Amino acid sequence: MAKITSLATAVAENINDGDTVAFEGFTHLIPMAAGHEVIRQKRRDLTVIRMTPDLIYDQLIGMGCVTRLVFSWGGNPGVGSLHRFRDAIENGWPHKIEYEEHGHAAMASAYAAGASGLPFAALRGYLGSDLPKHNPNIRWVDCPFTGERLAAVPAIRPDVAVIHAQKADRQGNVLLWGIVGVQKEAVLAAKRAIVTVEEIVDDLNAPPNAVVLPSWVVSAVACVPKGAAPSYAHGYYPRDNAFYQRWDGIARERETFLKWMQDNVIECPAPDSKVRAHG
Amino acid sequence: MADYTPDEIMTVCAARQLKSGTVCFVGIGLPSAAANLARLTHAPEVVLIYESGTIGSKPDVLPLSIGDGELAETAMTVVSVPEMFRYWLQGGRIDVGFLAAAQLDKYGNINTTVVGDYDKPSVRLPGAGGASEIATSAKEVFVMLRQSKRAFVETIDFVTSVGFYEGGNSRDQFRIPGKGPTRVITDLGILTPDPITREFVLSSVHPGVTVDQVKAATGWALKVADDLGTTSVPTAAELTVLRDLHARTKQAHAEAAE
Amino acid sequence: MAKITSLATAVAENINDGDTVAFEGFTHLIPMAAGHEVIRQKRRDLTVIRMTPDLIYDQLIGMGCVTRLVFSWGGNPGVGSLHRFRDAIENGWPHKIEYEEHGHAAMASAYAAGASGLPFAALRGYLGSDLPKHNPNIRWVDCPFTGERLAAVPAIRPDVAVIHAQKADRQGNVLLWGIVGVQKEAVLAAKRAIVTVEEIVDDLNAPPNAVVLPSWVVSAVACVPKGAAPSYAHGYYPRDNAFYQRWDGIARERETFLKWMQDNVIECPAPDSKVRAHG
Amino acid sequence: MADYTPDEIMTVCAARQLKSGTVCFVGIGLPSAAANLARLTHAPEVVLIYESGTIGSKPDVLPLSIGDGELAETAMTVVSVPEMFRYWLQGGRIDVGFLAAAQLDKYGNINTTVVGDYDKPSVRLPGAGGASEIATSAKEVFVMLRQSKRAFVETIDFVTSVGFYEGGNSRDQFRIPGKGPTRVITDLGILTPDPITREFVLSSVHPGVTVDQVKAATGWALKVADDLGTTSVPTAAELTVLRDLHARTKQAHAEAAE
């Protein structure tokens, strides 16, 4: 059964230094507030997994929380580079990070394999690509019926999955909708799961065949309105595309980045601490 | 005769490649603008699919990201990302994969991973995303990018998404389901693969562009098709729809920031 | 694009003698009327695939349409045996049929592999079971990362998938909800697909993330109200459990079976021929 | 003291094995009655999952099939059948798999496939359905069936769902994730596996049933646990809820036929 608690407690109780953590979300429902709490709690030596590492990964990397990254597309969507991500890879600032690189098809399949209790995923992928030369976790498997050779990648099994969703009910059952990405797979592939939500309601009123995560596959639920901003929550608030464009300027230089993090993350309490104070 | 920018004729020309009813897996950026221009002009029934899982999106403004809310709200349905890549792309349901590129070689191989050495990159690019499997699983692939010596190179630093590999039939060794890149649309013209060597040759120039200009913007010794054509100019209608689309988009993305 | 047509035309144009056909449905939305039309059109030498062959498969087998069956559970749910299925297997009446037997986990994975364009599916299955001794299409594959041995089954790729759904719109886009079984996978795994629906509407009004099959993955849509009865259509009519119990008596003897089929299927026009006559 | 039928005490006794909060993958028939009785009595928060894809079903009447509408209407959510078997069962999310059986041997191996030879069966049974993977992927398995020499046999004709295979550690060769069948509940008593030999022994008899009766209904030389217990009788409350459930079910299934 999910524990309904504060974001600070959810992070403190479920994410440890050295853990492998997937903060998932595909442009929509990025668990931004949860990532900020991890930064405030100064977690270190994290292996972070994400198909589309974006601003929150730029921030986790720039603040020195990360030693290893598994990803398939690392950029500021529609804007350009993630400057902290590039600074770490190109110049080792604030320290060197290792990374394991895949394509989306492989990572999506690897999450599904993890959720399915399988050790690997097979796909028609990486044909003619240079990536297998650089990633020893891209191997090959032969079909026992046709003899065809398929690419194989290891299942993703994080210690913790962190996602943001629209709603939870008072028992901690979670509902999300719209662009749902790989969040269900990430939660079911992980040993523990933290879910931040826009609101906690009496009844999810989930439509038939909706994406619902029962309370018993979730470790902690925290009510964090706007917890995905500047990403968006379908039905609640739009994506702040202008902020994504502004981030390019903020993150380009180490000093402006550190100042912004100090002013906007380190010195800010978890959003729900305020919310909770108001009751 | 309306006048227009190189980006505008590139987008109009790319849009014209899509037919109504075509199922198109749309990359973000230039391809998304072209695909939506097609939908808003001659190809109202073109089916636009984005890797975020949206099927049949009809955005009123262009998405900044591959997963803007607009794409989900206007879609026929939204599926999970594993389903999108496995049932729809790998399952062989995509007619055209529409890709952008950072670097392209003469065989249509694409690099969006690194400039320089993979382990010590001089420029770290975003990486493959969905492109390496879009390039091989879509029935055919259109590529769209601005033409320059920096982008159109003799040898790319990294093969992210394979085109015709080393040319000829060399690609067959990979047993690739799709038939690969069939055209590259740029701000100067259109390149198509030679049927035998599979080297991309200039098959159409945009009005007012000279063959020498295109050669000067290409990092390999660009060959010219015997039947070199000239792109017909954008119509006033095409330009109006495109400019309105960009104007709506600019405003929407500014508004999003309270 | 799906052709919106009569059931008779949909079957005539898409199902040929000797085809491999999956009439799918998991208790809910069984394509009963479509199966009856196949019997009326006297299709022969069909290989039929179904996780849970039930009354319509009992009827197809008993009427001699089937030479091969691929299945994972063959019974009258909650009632007992399928007598025509047993008579064919135990006594070769009306003629011998071959069968390939699996478990649900394997068949569900095999449909998903078919929809995914993969040649096989791997699963943690058949551990300690005798089935692999009798089914040469159950093989084993080793994980290229952990070395674990997993069961492997060939992907299911039918010539035709036949399903029943609640709604289609006038463009032939299809919506189903409730217990959705493996129908999406069956349609996406197949070369052609026939969908019968309860009604054709102007707007599907599909909730977010609903199970929608776009017109361009469907070959033919026929409007056949009650096309799933005595199975049910969620939101339209309940399962006629009493009929399933009555079927046990009808199908037990060859004569009563043949008489029932003559009176209730052979001499009845396709339901939509009447419906369509009424406009 | 209410009196009751053998089926009733079997169902009550099986229901008592389930705790509130347990995630139970429910087989159709006897297990479904027991699981719902548990939910309606001492275990309101037991989570019932059916292989048709329904998660958290709270049916008011018992389903005749594994996919009755009642299961979907009362469920927290309904997932596709591939998702059910891959993410939920194979993914290791099931605490208890609750199975029925046609034939059972002393090591808890189950046959629901054929009586006689597989290729020339004297009786063709429905087959495995989900059972062979429920038996190995669920953390533990409860089995429920009426006790008789026909059902409880020395050697089953076909292993559909493995229990402890040939006893002892012989099952380990299959690297099975779950710990296998931990109890068999019948109309005469409860059998549990010997911790070493893994042979099922009689650990509890229902009131008024003698050990000799149970032995006479068992096709192998049934051993008796040193600490043989006696099942406590069904309470009036348990019987009332069970009988109401059956009455509602009977009426509902009759009504369905107009």
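Note that the chains take the letters A, B, C and D in the order they are written out, and that residue 1 is the start of every chain.
The rule is short, and it goes like this: a contact is a pair of C-beta atoms (placed from the backbone, for glycine too) under 8 Å apart; a residue touches a chain by one contact, two chains touch by 3 or more.
From a predicted model like this one, the values you see are computed outputs, not experimental measurements.
**Q** Quick one: how many steps at least from subunit A to subunit C, stepping chain to touching chain?
**A** 1
**Q** Write down the chain pair with more C-beta contact pairs when A-D is set against A-B.
**A** A-B
**Q** Starting from the mean Cα coordinates of subunit B and subunit C, work out the distance between those two points in Å.
**A** Centre-to-centre distance between subunit B and subunit C: 40 Å.
**Q** Taking the mean of the C-alpha atoms as each chain's centre, how many Å separate subunit A from subunit B?
**A** 28
**Q** Round to the nearest whole Å and give the separation of the Cα centres of subunit B and subunit D.
**A** Result: the chain centres lie 57 Å from each other.
**Q** Tell me, which residues of subunit C touch at least two other chains?
**A** Within subunit C, residues 112, 117-118, 123-124, 148, 178, 180, 184-185, 208-211, 234 contact more than one other chain.
**Q** Indicate the residues of subunit D shared as contacts by at least two other chains.
**A** 72, 78, 86, 90, 137, 177
**Q** Among the chains present, which pairs are found to touch?
**A** A-B, A-C, A-D, B-C, C-D
**Q** Quick check: in the complex, which residue numbers of subunit B touch subunit C?
**A** On the subunit B side, the touching residues are 21, 23, 47, 55-56, 72, 76-79, 86-87, 90-93, 137, 177.
**Q** Spell out the part of subunit A that touches subunit B in their complex, as residue ranges.
**A** 26-28, 51-52, 71-75, 77-79, 81, 85-86, 89-90, 101-105, 108-109, 111-112, 123-131, 134, 148-149, 178-182, 184-185, 211, 232, 234, 238-246
**Q** Of all residues in subunit C, which touch subunit A in the complex?
**A** On the subunit C side, the touching residues are 117-120, 122-124, 137, 139-141, 143-146, 148, 150, 152, 154, 177-178, 180, 207-211, 234.
**Q** Considering only the defined contacts, which subunit A positions touch subunit D in the complex?
**A** Those residues of subunit A that touch subunit D are 1, 112, 115-118, 173, 184-185, 188, 206, 208-210, 212, 214, 216-217.
**Q** Quick check on the complex: what are the subunit B residues that touch subunit A?
**A** On the subunit B side, the touching residues are 28-29, 51-54, 63-69, 71-73, 78, 80-82, 84-86, 89-90, 109, 113, 118-119, 121-133, 136-137, 158-162, 165, 171, 174-177, 252-254, 256-258.
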